[in-house]
Amino acid sequence: MSTRPDRVVSLRELAAGIPDGSHVALAGFAITRNAVAFAHELIRAGTSGLSVTQVFSGMETDLLVAGGAVDRLTYASGSLDRFGLLHAVNRGVATGRLELIEYSGLALALRLHAGALGLPFVTTRSMLGSDLLAPLVAAGQVEQIESPFDGAPCLALPPLRPDFSVVHVDVADRAGNAVVDGPLWSIPETARASRVALLVAEEIVDVGELDPSRVTIPGSLVHAVAHVPRGGHPTAVYGRYDYDAAHLRSYVAAAGEGVEEHDAYLDRFVRGVSTFDEYLALAAA
Amino acid sequence: MSTRPDRVVSLRELAAGIPDGSHVALAGFAITRNAVAFAHELIRAGTSGLSVTQVFSGMETDLLVAGGAVDRLTYASGSLDRFGLLHAVNRGVATGRLELIEYSGLALALRLHAGALGLPFVTTRSMLGSDLLAPLVAAGQVEQIESPFDGAPCLALPPLRPDFSVVHVDVADRAGNAVVDGPLWSIPETARASRVALLVAEEIVDVGELDPSRVTIPGSLVHAVAHVPRGGHPTAVYGRYDYDAAHLRSYVAAAGEGVEEHDAYLDRFVRGVSTFDEYLALAAA
Amino acid sequence: MSADERWTGGEMLAVAGSLQVHDGDVAVVGLGLPQMAALLAQRTHAPAARLLLEIGVFEPMPTEPSAGIADPRMWRGATAFGTTLEVLGVMAHGGRVSLGLLGALQVDQWGSFNTTEVETDGRRRRFRGSGGGNDISSNAGRIVIVMTHQARKFAETLTFLTSPGRQVGGRSRADLGLPGEGTCAVVTDRCVIALDDHGATLESVHPGEHPDAVLADTPIPLAVPDGGPKETPAPTAAQLAFIRNELDPNGWYTG
Amino acid sequence: MSADERWTGGEMLAVAGSLQVHDGDVAVVGLGLPQMAALLAQRTHAPAARLLLEIGVFEPMPTEPSAGIADPRMWRGATAFGTTLEVLGVMAHGGRVSLGLLGALQVDQWGSFNTTEVETDGRRRRFRGSGGGNDISSNAGRIVIVMTHQARKFAETLTFLTSPGRQVGGRSRADLGLPGEGTCAVVTDRCVIALDDHGATLESVHPGEHPDAVLADTPIPLAVPDGGPKETPAPTAAQLAFIRNELDPNGWYTG
């Protein structure tokens, strides 16, 4: 009888599989569906030298940058919506400690999409005429070309294939087939572009329990999945829990205050606990 | 108060909106989820001179070709799976009455995808070294280029934007948001590439009744939807009804016999009735 | 700040911004004041306007205030969820978006704008970056910018040109390879600036504002129509009631 | 036709084809005999092989016979449904498919093959076309062709080269711009032909077949190993029982 792989691992194993210096694509959006539990675990593991790609960066990336895990960020934007900016990211850019590579949202999503599909390169009109263009052209990440069909000016972008991706999903089966509810922003191509796709799931079920028509990320593409209920806190997960506004406000206040205050937040909520459950208890206190 | 558009029309209105000579993209696959009711209606309307694009052509296209509605077909393949070949299509190609433009499945899906996304052009390695390439290059539909990043040989293909697309969906709301269950082959990009997206739905519900996470084709892209239960007969619609093997066999037998026998099938089952319900009753008799 | 004490500057801005939305527009809407303007339009004169959020949300009709486009409250009533590739790609890049309604840190006389960083006392401060803003302004039929009015937000040379307007460095959109007409209006809490291919015009000033004071605080080349700018229509009681009771009862955006 | 009356040619073909599937393969599978071979492998020596169908089906485990890949019976047990862009694009073109298991009308000595049209008495007859066949053979790690054995199906020059093998017109895959090794085996109801970059070799003949007779009916350059071809392992009772009782009880493909 044919068999299904079992891809369930602990969050610690999931994070431990990511070597220093890896290129990791993250898939949260501002204050929603961030893989916060995963970011905590990487910080506790002392992972460093990461290159992070996240189209619309949010709290997970700000945490990792604050935790000293990230040398380079590729993004199209970053914020915590109305709660504030990504202070660790912006500070890292201002001090030169963090290298920033910046695209338009569509351009970066298309690079991931081209990576997923194995396209030789992808084309767009976005970014033409903008100041986003010059540094990307200088870095060899964009070429200004003309369509071979009508001669129209356009941009060519190479495929992007991060080493890892991490997506916070609603339900996964044990083989890694995963359902994401609500808007998907760049989740599908982020998971598909990476060489190793990792998931953190609110719920895990047996193979056969999911409606295959509802699967957002096929297990065929997934390498491992960890079970972490409420693993997105304090960001929102659609249909499951709201963002924790009070926690987000206190995070932004600390982060905006300066490096020391931001680090004190990490000492208390990340390095001061050994599991995400401990963090959740502390955050609820 | 803001309002939702009502896009429900009759099948006859849907078909009547397609002028002779239009470029129509169809979205069935061999013996599954073909817009058969729509094809019947177009044949009865006497529509002619169509250019049809269907990545994996099936019964709907064979019917339209047999009915004299089609001058040109763009496809990657055509069959009725084990039941047989597309006899009208193959006969049309052999006699020169039907112009055939042939791609690989991925290449044609990518052209539609590029049309959907408004990409200046799209690239692939598929078709390199094959006999599919020369006629497409000669027709200016493919250019052999090199990647501006690594110089690798690849193909550039222009976006494809058919005038209309017609997809047979499971459930649509009155504003055209539609759910397709089961495998999707090239349905999403076929609907998104066309300038006017039309739907035939097994079921119609009010706006608000669908789970937005389940919507395969957003109503924002859709122009009209017609309600035709069992409108895919004799092809299968996943989760709703099986293909009608006896009917498919008799269809292929008539189609394979020759033009006259194929035409007799149409006289009986298409031109001999005035609605799809009449056809269903006749087919069940 | 408002020149009329019957409403706040934010309320006036939301109302004036909403008037830029046409009934039937397919609009991609940015975080904050653009959200307010779009939702107000949808509930008043433009009931058939359809909103899209770059996060992958089609046609939401939210009924409570939200902390931004990533707040699930903002997605309520949506008829479909999808991806960024569908909203910025299929809809915007594919030519199906008639209007982009966006905020800006800084804008020039051709409606190009900056959402990336500002320079204060020689120090650059980074904000959000482009997100989908560049894609929307590069591909939508027309763009409306909605922002509070400060002199430092208007500049002939932007600190960072995140999103192209009607022309860049003397090159037209068509010459750059961009579709659409580009920015057609900049709406602030003091005035409405109209843009066309000849430049920017002070189309109207809000009730209580003096044109000369507005011009003095708008340091970009700005034409004034013969007879001076019009007065922007004042907010109606119905508009104000909707803003205060439903759209932004906490005054997060319009307070 | 079978040279051994204990099984049919189709049964022998399905068994010999199945042996080309490695445990752990991610395989895109074509209509008909390839389906039989893949499902047999999955139920015997390659339980961890994962099948994909170009229609957008991930890892099906069908339990009843089907009329092809568009037959919903073939999708039973699938863990995910998606699109052709995901199977032929993300999986195959993206380099994640280790094996393509495909049928052919005609094959050359480099494993290039034709699924488009055949010529009989100077008249061309069109069949199905490429579908995803070209994409799979252009992008998968290796290709196995599964087809019934007739002399007219082997040709040094194909009527139509739908899918490239190990080289085309003297140009290697790498030179053409294609990844993967290309066709590594052609399995028929009479023999197994192995291919590498030096050409085709008659690796084994099925029980009851004489190598000379097979060679006579295989009009392409075909090396014979020192000591002659091996004998293909005979179908086991378990393999035959599975084919007859579950996989193809009506003998649609193997009868």
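For reference, chains read A, B, C and D in written order, and residue numbers begin at 1 within each chain.
What we mean here is this: contacts are C-beta pairs under 8 Å (C-beta built on N, C-alpha and C of every residue); 3 or more make two chains touch, one makes a residue touch a chain.
Fair warning: this is a prediction, and the values are worked out from it, not measured in the lab.
Any chain that touches subunit A and also touches subunit D is listed here: B. Traced through touching neighbours, the fewest hops from subunit C to subunit D number 2.
Note: the chain lying farthest from subunit C is D, by mean C-alpha position.
The distance from the centre of subunit A to the centre of subunit C, each centre being the mean of the chain's C-alpha atoms, comes to 29 Å. Between subunit B and subunit C the centroid-to-centroid distance comes to 40 Å (mean Cα coordinates, whole Å). One simple way to say how far apart two chains are is to compare their mean CA positions; for subunit A and subunit B this gives 37 Å.
Multi-chain contact residues, meaning those touching two or more other chains, occur in subunit A at positions 118-119, 124-125, 152, 154, 182, 213.
Residue positions 78, 81-82, 85, 89, 93, 139 of subunit C are each in touch with at least two other chains. All chain pairs that touch, listed by label, are A-B, A-C, A-D, B-C, B-D.
Across the complex, subunit A meets subunit B through its residues 118-125, 140, 143, 145, 147-149, 152, 154, 156, 158, 181-182, 213-214. Taken in their complex, subunit B has these residues touching subunit C: 1-5, 115-119, 173, 175, 177, 192, 207-208, 210, 212-213, 215, 218-221. Put simply, subunit C touches subunit B in their complex at residues 26, 42-43, 47-50, 52, 58-59, 61, 77-82, 85-86, 89-91, 93-96, 139. By the touch criterion stated above, subunit B contacts subunit D in their complex at residues 29-32, 55-56, 58, 75-79, 81-83, 85, 89-90, 93-94, 102-107, 109-110, 113, 124-132, 152-154, 182-189, 236, 238-239, 242-243, 245. Taken together, the subunit D residues at the contact with subunit B in this complex read 31-32, 53-57, 67-72, 75, 78, 81-85, 88-89, 92-93, 115-116, 124-135, 138-139, 158, 160-164, 168-169, 171, 173, 176-179, 252.
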